[in-house]
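In this document, chain identifiers A, B and C correspond to the written order of the chains, with residue numbering beginning at 1 in each.
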């Protein structure tokens, strides 16, 4: 009964979310912003699994995003195949890359892991800029419209308004996958490896296998975002590997709070709302985004969610006052 | 004993939600050696670490620590050290990548007239063995030499109160008695020592007073003589070791 | 291919890599910290030097210390913001925060200096030396000399001075250093200031070799990472040797294979090293905390 109610509420929420762009006026710019929010949220959820669940920081996720975008670009431009084929290819390429990166980094931890994944991103950027197969510095142009042919019916997306249903369904699907992942054996194993490696070994969990598996789940999610991004922009170049996407993902994952289902979505929405509707120009926006990331991690380790909750608790009826204040002064232990 | 050099009041330490130490009061007089004994996990190390506000873990500490009447419990560890509160921790107590000379290079800056600042030469005359090993790396020293170097390193910083955590661990009986008797000698210069020991038999020979910790609380306190005659100590700590 | 010319290129490049990396070597060796903004700080060093000469009319000899002061200020500010994270040794958060700083520095530099490239000319960079069929500039000579001086000075300071001893104590065991009365925070601040100054110096010295862009800095981080891994964490001489080796490798790879793919090639070397000795990086001198 309780679970039934929960599902019903989620269903209502899901249907309501679909009409949000219309609620905000339904202009072309609003639909564009919502499509991008959905795409970048999906991109961030891939990274969220690594950061929040596995407890490592992958800086290689822009590569998976780019892999989806480039696979889509190359296959649709050069082979003329449709969105389903390009999605399958995006996922396949991303899993292949994730397997390689995962195997290389299998035994690496913490900052060495992050440095190597960062190097993967920088190397991928160099390759994308120079390799003629990927279009070199000109990139890939002329990506056809998103056109889904299902025999009896077909769907063509000309504007971002037409792409919105696709982006929204993809977002819902990914939310469901992330929720299912966290309840799955693999998701619980990842959490155990992250929070209590000793318990993990005692419970017969193989940490290296778990890491590799989580990578293989995470990369296709980010690649799916790249897939739709290629259709949305109709043009792909090496700047999908620019640090902007990395910083965007990382900020989205940490700013609201790690491990909360809707946190990356809300994070992306906040960032894009600023960039699309309250922009101060590219460079200042860059400073704002970077500063948000710095301040969150340095001063709000629990993210905005914890900060707001603490604020509400303080404003609310004088609750249990804790003695941590006194203790903090006396403690320099680390 | 005369003035109280170190006073600890209402000191509690918690790890997570568990309280692992609750010491209501403990004091150390000038030139006094006080032993802290108890079983493994009784909270001996926690007590001395918390006195310095120091730990390799992440405990929550509250309570007051007074050094010569001055409350130092709000000071960070290095400031407490500068005030003359020195701890020689259990286990890793010297810098292994540095030579003996380098370990002894750091001296107290401006300790004031009431504190004796030992020079490196003073340390060498106290432990001639260290002088022979001057150019060796800390990691090349034997257990006993490390203990001497740890004490020497602390003496260079002009301690008012010296807290020693298990100096006898891993040492041959003869070395234990050498180290402990050197500590005893130091007190003639007015140094006060809190000596944490599992080796009750060795400790009781050099201390003025002794404290028994059990499950984070002081359960017994007395002079060395009283403690030696106490059946509880004799049975649990001395008897078994004599057998 | 002119082998002699490639050796000269490799040596100059190698000293450049070593000079860019030295701040990181100390940062990682002493404080066990990683700074992803390192490349952007290098970029900033080159641009501040350019601005000091072209806009304020300072001579090169004064522009360098000015740039280093800016580098120290940036390093100090970063460490101030991240202080709690450093004391908690929360490496994961520190890494992300430094990435954020790199992003911000890039934005600030583009805002202040514009996004077009600049040429940083110095009294040395415009003077060429021709010797048989070999060619280099006086700037190249200056890079080699300054790099050697910095490495020798650093080695002497670390081995012979009180400052160096304190840094080594914190490097070996920050907790034990606290008990030795050392204010570990101050050492962390000092290390960040040194890293800022050293990488700013690198920007001022090496910037003149190529046109400078506010978007540069990524390759520098990768090369620095390779140098530090190859040389062994915190090893001053190791970094020097690794820098020179990487420089020669890069020069010959560029001449024989392709100049566009030198960073990927260096990365492959790094992967090979990590796979061959995966423990190489984890090994902490003297067993850490």
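The rule is short, and it goes like this: a residue touches a chain if its C-beta (ideal position, glycine included) is under 8 Å from a C-beta of that chain, and two chains touch if they have at least 3 such contacts.
From a predicted model like this one, the values you see are computed outputs, not experimental measurements.
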Central chain of the complex, centres being mean CA coordinates: C
Chain of greatest Cα-centre distance to chain C: B
Distance between the centres, which are taken as Cα means, of chain C and chain B, whole angstrom: 43
Centre-to-centre distance between chain C and chain A (centres being mean Cα positions), rounded to whole Å: 32
Distance between chain centroids, defined by C-alpha means - chain A, chain B (Å): 53
Where chain B touches two or more other chains at once, by residue number: 54, 76-77
Sites on chain A at which at least two other chains make contact: 334
Residues of chain C whose C-beta touches two or more other chains: 175
Interface residues, chain C side, partner chain A - complex: 34, 36, 81-82, 84-85, 87-89, 91-93, 95-97, 99-104, 106-108, 110-111, 175, 218-219, 221-222, 225, 260-261, 263-264, 267, 270-271, 274-275, 278, 281-282
Residues on chain A engaged by chain C in the complex (per definition of touch): 55-57, 59, 104, 107-112, 114-116, 118-120, 122-123, 125-127, 129-130, 243-244, 246-247, 250-251, 254, 283-287, 289-291, 293-294, 297-299, 301, 334
Residues on chain B engaged by chain C in the complex (per definition of touch): 52, 54, 56, 76-78, 81-82, 86-89, 92-98, 102, 105-106, 108, 139, 153, 157
Residue ranges of chain C in contact with chain B within the complex: 162, 165-166, 168-169, 171-173, 175-176, 178-184, 285-287, 289
